[in-house]
Every structure is written in structure tokens, then in C-alpha cells.
Amino acid sequence: MHTETRTLLTVVCEASVASRLIADLERLGARGYTITEARGKGGRGVRDAGWDRSANLRLEVVCDAATAHAIASHLRDHYYDHFAMILFLAEVKVLRARKFGSDTA
Amino acid sequence: MHTETRTLLTVVCEASVASRLIADLERLGARGYTITEARGKGGRGVRDAGWDRSANLRLEVVCDAATAHAIASHLRDHYYDHFAMILFLAEVKVLRARKFGSDTA
Amino acid sequence: MHTETRTLLTVVCEASVASRLIADLERLGARGYTITEARGKGGRGVRDAGWDRSANLRLEVVCDAATAHAIASHLRDHYYDHFAMILFLAEVKVLRARKFGSDTA
Amino acid sequence: MSALDPVVLFFVLGVAAGLMRSDLRLPSAVYEFVTMVLLLAIGLKGGVELSRQPLAPLVPQMLAVVAMGLLLPLLAYPVLHHAGKLARADAASIAAHYGSVSVGTYAVVAAYLSAQGVAFEEYMPVFVVLLEVPAIVVGILLARGWNAGHRWGELGREIFLGKGVVLLAGGLLIGWVAGADGVQPIGALFFDLFKGILALFLLEMGLIAVSQLGDLRRCGLFLGGFAIGFPLLAALIGGTLGWVLGLSPGGTVVLATLAASASYIAVPAAMRMAVPQANPSLSLAAALGVTFPFNILIGIPLYHAAVRLLYPDGA
Amino acid sequence: MSALDPVVLFFVLGVAAGLMRSDLRLPSAVYEFVTMVLLLAIGLKGGVELSRQPLAPLVPQMLAVVAMGLLLPLLAYPVLHHAGKLARADAASIAAHYGSVSVGTYAVVAAYLSAQGVAFEEYMPVFVVLLEVPAIVVGILLARGWNAGHRWGELGREIFLGKGVVLLAGGLLIGWVAGADGVQPIGALFFDLFKGILALFLLEMGLIAVSQLGDLRRCGLFLGGFAIGFPLLAALIGGTLGWVLGLSPGGTVVLATLAASASYIAVPAAMRMAVPQANPSLSLAAALGVTFPFNILIGIPLYHAAVRLLYPDGA
Amino acid sequence: MSALDPVVLFFVLGVAAGLMRSDLRLPSAVYEFVTMVLLLAIGLKGGVELSRQPLAPLVPQMLAVVAMGLLLPLLAYPVLHHAGKLARADAASIAAHYGSVSVGTYAVVAAYLSAQGVAFEEYMPVFVVLLEVPAIVVGILLARGWNAGHRWGELGREIFLGKGVVLLAGGLLIGWVAGADGVQPIGALFFDLFKGILALFLLEMGLIAVSQLGDLRRCGLFLGGFAIGFPLLAALIGGTLGWVLGLSPGGTVVLATLAASASYIAVPAAMRMAVPQANPSLSLAAALGVTFPFNILIGIPLYHAAVRLLYPDGA
């Protein structure tokens, strides 16, 4: 089975930024994303609530390395200072590589 | 602490295939799975709804490489054309390797 | 963009241990965690229910390798025998490494 | 006046909020809860009514209604496939949706008529149950023909044991067995709250309808036209059948509305399994984005007006 | 006739849907909501009743009921451990489940009696609260003995502050403080809707019961037999106690049912923490898969019939 | 007596459970459901009232109330920024929270007065809607000044189309259009269940209040003092305004309470987008951890007592 390498970018952040965050992702070249509801704790304290007051969401994007890095630095520059957010990157193998952007990394 | 390498197969797909998908996984040798509710966007558009109408689920299987590849190619052959679905593979370290199948890869 | 390597520890376990588990994580040096609700199947059978009766949770901790291994062996020694639980470790790249503990591994 | 019926206003609120891109959403667990209560309540009401009268006299009506459920998709398919140039699977799937019924639309017409003080045969939910399934079978046959490949057993489960059918039919049976007195103690939830819960349901349906517009644009004009034109034809057929069967004016309006409505609960799930190559967003965009709003805002009052002409005195 | 009581029919519907492998499920948030309302409602009812009468006369009854809660697990344990050859921890954990009570079963017997027009002491929820806890303590001691290892402080929190106990006891206190008039404005939710919400709860319980059958098969015949046999014995003890305490016929039926019921809310959580080596699927399979269905379908009418023999006039 | 009002007792139960670190929580889907029903119900009630009378005479009152909504944050800001040494963004954000209103607090004062048999202008929800927004605009201007950088369009959407405002204003419009008779069929859900649902809401609010205490400790004494002191001042202003506007004694209590309450639905979301550098836990800790409990336990009865002095006969 032929697989190719792509980058999985995982972001955990406060739910309040959802719509803005998604807009940015797509502008930066993500062809899709997956979101799950989450709660948790970090530098900005415990986040666990309904009515979006302080819920978290966990967002995943599979894309080529270049796009992943572009998104990551964008988030660091525009979100880290003011919003509860972490992100991490990992290499994954995918089947239909085109779907996730040509790897220009 | 002794760890061994196994493969983490992650599938994101439309909820409507859940029962069928799980049956296939187990037939192909998965000894367990974990499911979380998800929403998202991809080639088949936005998926975000209740009453299963167009919800997604995110399914993870930790298994040996051979099983992971068997499952991946089965999904590609039997699901990709008609169902909203992506999958990706990653290497992970586990403690009780037996639990996840002997690594025959 | 400068990134550093950290370890992502993922635990899937029965929801009943949540509070106890979190206390242990923090004692062992985790600076944060993310939890999502999950269901699944494994050696201890199907876990899928409300009112915590047999729900699962999926917990992620990004930390340095040493902390990850400390947590993993602690869970193996104190939880594996009696609780539905699996865990796996993976390497990830992070931006603000300090946030997740200095890598002493 | 329908437009002023508050439950319909909740739908309008949902549409408005959706168009203005508000972040309003019913949590999916709440949407399921609301849907389950509606399905059970409709079933219970119909079952209680059945317990009041002998079943035999209804059998001919039931058979006729099932026949209509088989006929409608057979009419819709050629329009979609030949006139609309839709792929066989897509045409068949959409035909199945329009041959079946929308429980939400039934709830609205029932609320509308009671608000108008127009009586109708309370056992109508029986027809709702009966109309759910036949169109699905026709749709599958249209898409796949009579080949052996069908795992009918498994399909049967998908079709008859989807939560929609189970709750509707289950409520019907419980109402039938328990009867009016037996059901009375649970009436506060299933009957007194019915319209309030319907209002919440319609609020979400309005938001959903708007979310379908994007897909709809992609589907093109033909499908949009079909989603209004076919319901009008189906309403004519349903209304005529009701008149032939000697239903009350109110009952005729209900049967016309049922014929005009398009399923979005039982059928999508079944079609997804039986005819996966059909693109589900086509049928959902048409059913939820056009036909449902059309029926509750314009169709129902229209069908009512038409029936009034048939029965100058009454209705 | 109980079998026709619609709330029980919802349980039957759930069982049927489960056996036919329908995809019907109550979303877990809805299941929690329904459970919370039931717990609060039962507590409120009992509290209002308490506010109507002096507490002192009830104290002896309360003590006797607590004693029963301590006795039952002591009876169950040897049967499970010696006759059943179950490991010490498993036997102790199951014993704790059967020594405690099932709030859902209480709700059904209360609904059953009111449907039958049989009166009972409205302060019974007090007994429900009192019976939740003692068996847990006994179970823990049976499993671990009196060693120092217990973190009783933390365990106490697990036991007394689990949501089940908090909602039940909290409702009781609120009802007690507010009294009948004070509670009246919230009665529409907690009292009028009670049976409808109970119906939804039982629908899910039916689905859950079926989902336990797999584990049950693995547990073997003995446990299945215990899950019917012990409740019968416990009902006899509970009924006798009710009779000795001079409860009304209805109250006697309730106490017998409480004794016969097995907990699946407070106890599982506490046992999981206190006796983790006990396999939770054993006790849940027995309590949810056998005892709960047995009690609401057969047990309650049976206990009622038996009490009728005791009190030919009355009940 | 307020403390005995059962809905408030549910708040106390939540606080107690939280302090004892119980695992009790309302599932977030249920919390959203409960909040949505409250918002719609309050809006509907106000709208129905509007439909009963000409709008014109209310316009002056409305303008005065909006003016108050603009004034309050301007009073709060300097206190927070200069006396409290809080950063500009934080001071502005907190000021916006306290200039706006808490729908939950309105629900409690409405329940309180009806329990006390004190009448008030039923159109008060109009003021709730009107008070939501102005303080947000002032807060943004205080934080960012009049620079061009504002994407006011997008901000406007954030502010006016947040679910809180949409449900409240939407309910108001529906009630207005449908009128008393039109709304009657959905009254069983939105009016009869109102207090029971409010009780569940307050149970969760109690748990939330406790969960804020940690953050609160970090915020220090000043903020804690502000969270009680400013509401008292605001209540004085609101009460005086009500008296000047010639509101009934009950209406005066309501307006005082609205002024004293701090928003935790519309404002946090808007501020998060408009003034991200403001630390949201400061305003939430103050509003949810101190001001909300203070108002419903002490404030409301206090404002009522004060108004009673103004109107010896009446109230």
C-alpha cells in the first residue's frame, strides 16, 4: 500500500476563537479540518464549561509541512498572546496525498 | 521503562458508517478502538449536525503495522469512493505490546 | 520557525478515574492536559454510556520525555490491573517548549 | 393565519439567525431529545386514536396510502433522471426522499389545523408510519434493480429499525395498547409540551435550512424547481386520494401535506447504506433547504385553501 | 395492570429495540438530564412530606431501615462468595449493589401504586436516601476488612458526594425547607412531567438492559439465578419489616421493592474507587440486565399481590 | 422570604455541592438547553406585554434605560483603572460586564417578586434586551479608543448576533407578533416550566460560582470589593431612575436589580473578540463568583426593602 508523509497539526484552544481560527486556516491553505469538543487545563487555568463560556476545542489539520508551518507561525503571532491555545505538529502517513496538498517542504 | 512500537490508525468519517466500519475493523484484526464525536470540513463539504444526519466520528485503532495497513487498504477500497472519510497512520510507543497484536511488520 | 521536540502522552481510560488520574498527572509534573469524551472497546469489553457508568475519556498530555515516562510507568503500576485503560506515546514538535517542561530526556 | 402561528415564527427566527450568521445552534443532544419527543408524541397520539376504533375499516385506506407511497417515487424518478439529467443513483435517492414523509412537516400541519380549529382524523400518524418505508424500497430498486447483491436482511434492519421509525411505530403501539386513559399520566410531557418542543425543533430546522443553501446553490436551478414543483404535484395526488377515501377536509389537507413532504430522517440513513454512491447533500439540500420551508410557510396554507374550495362548508 | 402501565411499556420498547439491534439511544446528556430530574423530583416529594409531620416518630423506622441496609449485603456476600465461588472483591461488590437501592425501581413502584390507586407513606424517599449508603460501607469492609489502608475521608466523599446522593438528598432538603407551597411553582417540571420523564428513562433502561446481556452470558447461570433469587428473599425481608413497622399496605410494597432492588448509580461509582479489583461488569450485568427488568415487569406486581394476601381489606 | 424561595435553594444546593467538591455537573448540552429556554421565555413574556400596549409611551423610558447602560461602565471604569490599578483593557472589559445585565438575575428577581405577590411592568424584558448592548460598545471604546482599527462590522455581528441576544430579542419579537393568544399553545413549555427550569439553571450557577473562587482569590480583595460595592451603587442609580420614570414599586426593584447585575453571556463573548488582551477570568470571577450570588441571596431582598421605604403603601 503506497503512503506519503504529511503533517498533522493539532491545536487545542478556547472555543471562542473557533470561527476566526477556521477562516485563517482556510486562508492559509488547509483543505479540511476536524474538530472535537474538549476541556482541559493549562497556563491559563482550567477550561471546562458549557455555553462556550470557557470550553475548549481540539482542532486537527492534515496538510503539507509548508502549510502546517505557515499556520503554526500565524497562530503564534496572532493568538498566543491573548488566547488559551497550544499546538503541536507530528508526521503522519496518508493514502491520498493530493487531498492534503502537495508536499513542498 | 520498556516500550514497543505500534501503529496508530486514525479515521475521520461520517457517523453513518460507524457500525459497518467497526465490524470490518474487528474482522481485520483490531483488538480495540476508541471513538470520539467530531465535526469538520473536507472535500465533501462541512459536516456538523445532530441526529447523525451529517455528524462525523473520529476513530482510533492501535495495532501492529500489518493490521493497520490491512485496515487502511480495506477502507480505501470499500469506503473512499462513496463516504466522507480520511485516515492517517502514525508510529506510537506502547507499554503492553501484546495487547495490540504482535508486530509482524 | 523554531520548534522543539516533546512527547505527547495519550491515555484512554474509564471516566471513573478522571479526578484521581488528573491529580496524579499534576503531581508527576504535567503542566496541562486536554480531555475529550470517548467511547470504545478493548480487553474489558465495550465502554459506551452516559451518567459515567461506563464512559471513557481520552486524555492528552504534552510534556518532556522524562515526565511522560514517569507518568506512563505510574499508570502501568497503579491503574492497569484494575481499570480499563490504554496509553501510547508519540513525539511531537512544539513552538513554546518551556511551556511543556525542559526536555531532560 | 399560518405565518403568525408562533411555532412557524420560531422557524423564521432560525432562518433569520442563520442568514445573519449567528452562532446560534441547538446542541445536537438537545436536537435529538426534541426529535425523539416529537416522534413519540405523534406516535402516541395516533395509537390512542387507533385504540378508540376498530382497525378493519381503516385497512383499505392504509393500503391506498401505501400504494401512494410506492407511486410517488416512481413519478419523481423519471423527472429527476431524464428531465433533470441526474445520475441514476442520485435520482433514485431523491425520489425515495420525496416519496416518503417528513414528520416535522406533519407536526406543523397538525398544529396549524388545530390552531385553525379544523378537525382531522386523529389516526393520521398511522399514515405517517406507513409512508415512511415503501418509498425507500422503491428507491433502492430504482437504483440497483433486482440484482442479488442486496443484503435485504441487513437493509431491512437499517430501514425498519432506524431510530425514527422505531420511535414513531413504538409510540403508536404504546398508545394503542395503553389507550387514552393509560397514556394520560404521560400526557403532560408528550401532549401539553408538544407545541413548545415543536417550536424549538423548528428553530433548529430554520438554522439547518439556511446551512443547506450553500449545497443548494451547487445543485443548480433544476433541483430547486423540483423541490417546489414536485411537492405541488404530490399534494394534488395526496389531496385527491384523501377526497376519494372520504377523509374529512382536515384529513385531506393532512394527506396532501404528507404527500408533499420529503423525508430527512428515515430515508437519508437508509439510502446512505443501500445506495452509497448517491450524493446525500443533493437530497438533503432539496428536502431541508427548499421543500420543508416551502411546505410550512406556503404549502400548508395553500393546500388548506384549495381544500376549502372543495368543501365550501366545512374546513 | 402493571404490564399495561405505559411507563413500563416504554421499557419494553427499549428492550425490543435493543434486541432487534436498533441504533436507538438516548444521548448521554439527555440520559443524565432525565436521571437528574427524577432524582430531584423523588427527593422533593419526600422532603415536602417530611415538612408535613414531626420527624421524631419516624426515627425508629429510619433506624430499622438502615439496619436492613446493613443486613442485606451480609446475607448476599456468603451466598456469592461460598455458594457462587466468586472472588472476595466481586462478592463484596455485588453484595453492596444488592444491599443498596435502585432509584429507578422506586420511581416505577411509586408510579405503579398511584396508577393502582394504592396509597403509601409519601416520605418513602427518605428511606431511599437512607438505603443508598450503608450497604456501600459494608461492601467495602467485606472486601478489604478493617485495615488502615482505607482513605475513608476520600471514600466518604466518593460515597456521600456522588451526584446521585447529592441530588436525592438535596431535593429532600429543599422540599423539606420549602414545604408544599414553596415547591408548588416548580411542580410543573418536577411533578407533572415526572411520569413522562420516567418513560424516557425506562426507554433507555431497556436498551441498557439488553446491552448487558453479553456480559451476563459470560457471568454464567449462578449470577443470573442470584439476580432473581436474592431480590425475592430481600423483598420478603423488606415486606416483613414494613409489616412490623406498621406501614400501610402500599408502604409495605414499596419497602419490599426497595429491598429487592439493586443500585446502579451510587454504588458502582463508590465501589470502583474503593474496591477497584472487583469486576464492575458482573454487578452491572446482574443489576441492570436481570434484577431491574425482573422487578419492574414481575417483581412489583408480585410483591403487591403478596401484600394483598396480608391485608385482604386495603391494598 | 427570598432565602426560602426554592429556586434560590437550588442555587444554594449547587454552591454546597461545589464547596464539598461533588462531581455534580449539568451536562453542557443541558445547560445550553436550560439557558435557551430561559432566554426565549423571558423574551416571549416581554413581547406579549408589548403587544398589549402602544409602544410610543415607552420610548422615553427606553432611551433613559439605554442612557443608564452607557453611564454605568463610564462610572465603573475609572474606579477599576485608577483606584484598582487594573490594566486599561481589563478595567474596560469589567466595566462592560457591569454596565450590561445578567438574564439569570432578572429571572430570579421576576420569580422573587411574583412569589412575594408584587406586581411589576411585564415589559421589563425589553429593558433587559436594551441593556445588553450599550455597555459593550462603551467598553470597547474605553479599551481601544476611536481608532480606525475596529472592524465594527464584524464586531457588530459578534455583539448583536451572539446567541444570547438573538434568543432574547427573537423571543421578544415572536411574543410581540403572536400576542398573548398566539403564544398560549407554547406556554406549557415556556411559562409553566419556567421556574422549574430556572431551578436547574441556578443549580448549575451555584456550581459555577464555586468554580470561580480559585480565580477570584488570585484577583485579590479589590475586585471582590468592587463586585459587591459597584452593584450597590448601580442599584441606587437604577432604583432612582425607576422612581423618576414613575415605574411601579416592583418595576423599580427590577430596574435596580438589572443595574446591579453583571452580564456573563453576551458581554464575555463580545469582549473576547473585541478586547482579547483583557483577561476574561477577572470579569467572570467577579460577575459569577461574587455579584451573581450576592444579588440573588442578598441584593434583591435588600433592593426590595429599600423600595418599600420609598413606597410605604404598595410593594
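By written order: A, B, C, D, E and F. Residues from 1 in each chain.
Please note the rule applied: a residue touches a chain if its C-beta (ideal position, glycine included) is under 8 Å from a C-beta of that chain, and two chains touch if they have at least 3 such contacts.
Source: prediction; values computed, not measured.
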| item | value |
| --- | --- |
| Touching chain C and also chain F, the following chains | A, E |
| Contact distance in steps, from chain E to chain F | 1 |
| Most distant chain from chain A, judged by the mean position of its C-alpha atoms | E |
| Chain of greatest Cα-centre distance to chain C | D |
| Interface composition of copies chain A and chain B: same or different, split at half | different |
| Where chain B and chain D are represented by their mean Cα positions, the distance between them in whole Å | 35 |
| Chain centre separation in whole Å, for chain E relative to chain A (CA means) | 46 |
| Centroid spacing, where centroids are CA-atom means, of chain B and chain C in whole angstrom | 20 |
| Chain D, residues touching no fewer than two other chains | 23, 26-30, 32-33, 188, 192-193 |
| Shared-contact residues (touching 2 or more other chains) in chain B | 36-37, 52, 90 |
| Chain E-touching residues of chain D, taken from the complex the two chains share | 27-30, 32-33, 36-37, 157, 161-163, 166-167, 170, 173-174, 177-178, 182-183, 185-190, 192-193 |
| Sites on chain A touched by chain C in the complex | 10, 12, 36-43, 56, 58, 69, 72-73, 76, 80, 86-90 |
| In the complex with chain E, residue positions of chain C that touch it | 14, 16, 20, 44-46, 49-55, 81-83 |
| Residues of chain F touching chain E in the complex | 4-7, 9-10, 13, 16-17, 20-30, 33, 111, 115, 188, 192-193, 195-197, 199-200 |
| Of all residues in chain A, those that touch chain B in their complex | 1, 3, 6, 8, 22, 31-37, 60, 62, 90-96, 99 |
